[in-house]
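In what follows, subunit A forms one complex with subunit B and a second complex with subunit C.
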Partner chain A sequence: MNTLVKSNLASFSYFVPELLVIIGILALIILELVFKKETKRKFATLFTLATLIIGFIAVIGVGMPKNHQFLFNRMLVYDGVAYYFRILFFLSTFFIVLLSYISVEISEKEYTETMILMLSLLVMMDLLASSFNMLMLYLSLEGVSLLSYILTANKRGDVRAAEAGLKYTIYGGVASGVMLFGFSLLYGLTGSLDLTAIMKNLSGQYGALIFVAAILIIVGFGYKIAAVPFHQWSPDVYEGAPTPVTAFLSIGPKAAGFAILARFFYNVFSNGTAPLKFFPWLLIFWLLSVATMLVGNYAAINQNNLKRLLAYSSIAHAGYMLMGMTFVGHLGLRAIFFYLFAYFIMNLGAFAVVSFMVNKTGSEEIGDYLGLGRTEPLVAVAFTIFLLSLTGIPPTVGFIGKFYLLIGVIFKGGFLYYLLAFIAVFFTVISLFYYARVLKRMYLDPVEELKEVGFGMYEKAYVSVLAIPVIILGIYWQPLMHLIQKALESSVF
Partner chain B sequence: MIFKLATALTFGVFAVLFVLLALWIGKFLRPKGRPFAEKDYPYECAERPLMPAWFNYNPRFYIYAIAFIIFDIEVAFIFPVAVVYKKWLEAHLGGLAFMEIAIFSIILFIGLVYLWGKHDLEWIRVMGLWTSKRSEVKSHGQS
Partner chain C sequence: MKVIFYVNAFFSLVFALGVLFGKNPLRSALSLLLFFISISLYFFFAGSDYLGFVQIIVYAGGIIVLIAFVIIILGLRRESPDFDISLRSFVGIILLALFALGVLYGMGKSILHFVPQSPYFDTSVAGIGDAIFSRYLLPFEVASILLLVGVVLAFIFAKKEV
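This part shows the complex of A and B:
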């Protein structure tokens, strides 16, 4: 008993950032009752930002470990990748809070609760990205899902939000139930919940059952990252949720989903350098990746609602990232992790512009972006940069991300991989069409009378802060790549 | 192994065939003609629906159910600790166990405080347009 307790106590030194955020959440719950109505929004935001900054300092303070550390009796693992994802999650939450602050879609009544839920989501994503035990994995995945449902449906009295929340809940419930069945099969075969122990106890004699278990588990992860054919919830949810929440869902939980997808499959179904012999790794992820790219890009072409368009584009990007999962090796992982960061910046930027437009004009239709290039040149240029980066045009970070993904696939070699690379490039070209439609609307379409939108300093500063790194990381991305390489070296992959 | 799966496969095939067969036979038995209006009701053979199902209803009971979870979880987690507490005392870890459970209870207690502060423990509560008049309504409700 003593060793168990000691291990738990020793783990706390690696768990400081999450503890600080949890304390912040508890304080915010009490403060919500004390805040005055008029100043509530400002104080809640300041307190949340302060919590995030202190937490981020703690993240940097804990730093990247030289070797991976198992925390809380192998429930969690703290390694370079967990550190990298902590940085990603803290940064994205920080920007989302700033976005929520001026959003008209989140009213005063729900504001503090939204902040509390976002901070809780941050903690859950951290746990998810570092789980190393199927029980912990399921708990944190469910935590992320539940908080996402509440955040989606929290817009009280809004029919679309209620519908989105209901669809999300039902779909998520089914997906996680199916995944749990897969877990139970694995547990039945191996008698363990620990990922490494499962890998050691798996053997080829259960071939078909392992395959079934893997497919069932992919349902759960695929739903989290919105991969086809588990994507049906995402357009409705993205459209119904308040725009800042949509932005959060498209970067935070998605990144956490990829982190745990990679961690789970690398630790259970591969020995770190090659997939287990009896496991059809390539088949599963190849099909998943191609289907996701196909449906995402094809469905995005006809969208007139910008939030739906970005939802389908987000599905398509999950497809690109799944290319990195089609083979086992650091080449694929570093590409995925790099792309997740790139996607965080550029997608957040695009959603920020959409959110600002909703604040000012109340519309999400592409048609209402007419003449934005003339009335709001700065925001329009930033939006152009984000959209071009999402397409993958140099010199933006989106290009570098796609480049690394393609490099991984091509270095691997073989007909299927070349075909995959070809398909990805083909769909990138198609994606240029629907992103460019927005650009055409902003710059080229004839305008009869200009309508002022009236963005203030806050909005302009926000998009600039995001647009500049998109360009800088497109030219000088080595520091980020170096960080990821170092993170991977100290990780249990 | 493979033969065991074959049983499952046979079962699946028969399940699908059964559905198709049942629908096919129904084609001969059911009355011909265009569907009538009752066909579109959620429950064809039950009460006639009175109004659309999309309306506001009072979630008081749900709120109480959620509030109950606070106490439920508290008992569910404190109970096992109480059972082994003696062993922990013998291992000189009593203080630690006590602190853990105390922190746990405080977190749950904050939930209760929040509920209280948000007036969710009051039975009569008016939402929406009349929020600003809440105090009036409350006094009226209590009288």
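This part shows the complex of A and C:
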């Protein structure tokens, strides 16, 4: 047998979780025709959750590899980081499905479709985070984008969602076109699509052109992680999409975007220890990071719509995470990866509360959170924990995440790095202002008559399950950090 | 050979501009057709005849006919409005020009060299078939799923009720 075919067949043993999810997707498409209308929602959810749990067991079963493995003839790489992101994606999809189950924004008609789309998005994110070839990278990135557009726009009878979806699509089309132009320049210069081969074939002779290509590629990735100035789509999309979908977009594709940003730039524009000389990492990512923090935090101050506020705050958090990309080294990477996990828990928690409020009151305005501290103490306390964690106040996981990011930058040393750390701390203080506005509304503002919201056990259990790890990981975070360290050691970075 | 290459490059530029500035949509579509054919010549120059033919069949043969149909069915015969130069688009044009200058500068600094033929490929039909089902199996499958997803997206946008 041909060695290429052999390699494809051998790769399947590392590809089991994705295969299981794909089987689940296909089964769900058929089952949708069988399900009865009244019980459809319950069965579709149960089936999706079962798929995710079996897939997650397979993820753990495949486990962290000792050395990185190239799959499908170097199209993908399976290493510690791929393993780590698989865990992150499976967990986030699991919680999002639970959130969608009780959401009133996803109607019965499109519920099964939404489940199928979310599972497909999970597969595409897995592929994206482990791509090692520009062709594969582009296809999976486009897959993640297209599925996100569908999830955003697929809300019947809602003009806002349709508008957001169309905006997202047009913006994404332009961004990926620009990125593709960058890829084609790189391919033209090196004659290869494989990331390692590109790095080896890049010669300083074409320095200026390589710089242009890198900038063009950053447009595509920057759009995926919503970094300024490629962020304009995100507030509208976050506001227009159903809240569970918004939560998913803000954690899943964003984490995948960061994974591929790090993988691409570490493998193509650095030799693992130092950046290549014709691409100034510090300058580019410094500017990107500061601009993202500035715009995200500044625009969040005046928002009265909580979904929009969280959209801008998610832009600001991309800015914090970009600090870890300003230099080459594991110190930066582990900070980014840790922060992505922290961000997943706390942001999902915040969006969950918003989603529950939309279910009960139909409102996303901060004003309608008046007196929540008295009517729903448990949910309000959990919401407080999430918001404090988003600000970065100890003892929450958000504080540890920011701490690692700042430590990385400060250890690097140098005026620009100290300045960057100072700017980040400054914006953290500013962010406290807009997060605290919500808290003030919940606890301090005078209430004339209390309106019952009426959260059930489901909502209370959900926010508790998310709020407890925020605190626990804020005090005892070493196991997670240890996992990330081990993942990085076995990875191609 | 080189002369033909540059002449062809000149014409593809002319056709591309013709698409942008054509007043009649049908004429723009025709320019697009000629543009695609001139693009296919590049594939022939690079020695991959198969891709050249596919380019002509799929784009010139299929896509352009589709576009022409859409134009005829929608009856877009009116002249398109002139470009509206507001301050915003003016700034955009300046930034774009700066960017184009940057790319040209980079290209000028690097010696124009022709890409060595991709080391993986035997560009015959059999060779491409081999590549698709062995080395590029996964991207090929993902691309097919991507097309399906694209159809679903188009369907969602094309629905009658919002």
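Keep this in mind: the second predicted complex is superposed on the first by the 492 of 493 C-alpha atoms of A that agree within 3 Å, B and C clash if a C-alpha of one lies under 4 Å from a C-alpha of the other, contacts with A are read in each partner's own complex, and residues count from 1 in each chain.
To be clear about the criterion, a contact is a pair of C-beta atoms (placed from the backbone, for glycine too) under 8 Å apart; a residue touches a chain by one contact, two chains touch by 3 or more.
Remember, it's a predicted structure, so these values are computed and weren't measured experimentally.
Contacts of A:392 after superposition on the shared chain: neither subunit B nor subunit C is touched.
Once the two complexes are overlaid on the shared chain, A:208 sits against subunit B and subunit C alike. Contacts of A:240 after superposition on the shared chain: neither subunit B nor subunit C is touched. Of the two partner chains, both subunit B and subunit C are touched by A:5. Which of subunit B and subunit C touches more residues of subunit A: that partner is C. Applying the stated contact rule after C-alpha superposition, one finds that A:30 touches subunit B and leaves subunit C untouched. Using the contact criterion defined above for the overlaid structures, shared-chain residue A:371 touches neither subunit B nor subunit C, since it reaches no partner. Within subunit A, the residues touched by subunit B in the first complex and by subunit C in the second are 2, 5, 157, 159, 205-206, 208. Subunit A meets subunit C in the complex at residues 2, 4-5, 8, 71-73, 75-76, 120, 127, 133, 135-136, 139-140, 142-143, 146-147, 149-150, 153-154, 156-159, 162, 165-166, 169, 187-189, 191-192, 205-209, 211-212. Note for the complex: subunit A touches subunit B at residues 1-2, 5, 26, 29-30, 32-33, 157, 159, 205-206, 208.
Chain contact summary for the complex, subunit B toward subunit A: residues 1-2, 5, 54, 87-88, 91, 93, 96, 107, 110-111, 113-114, 117-118, 128.
Listed in rising order, the residues of subunit C touching subunit A in the complex are 102-103, 105-107, 109-111, 115-116, 118-119, 134-139, 142-143, 145-146, 149-150, 152-153, 156-157, 161-162.
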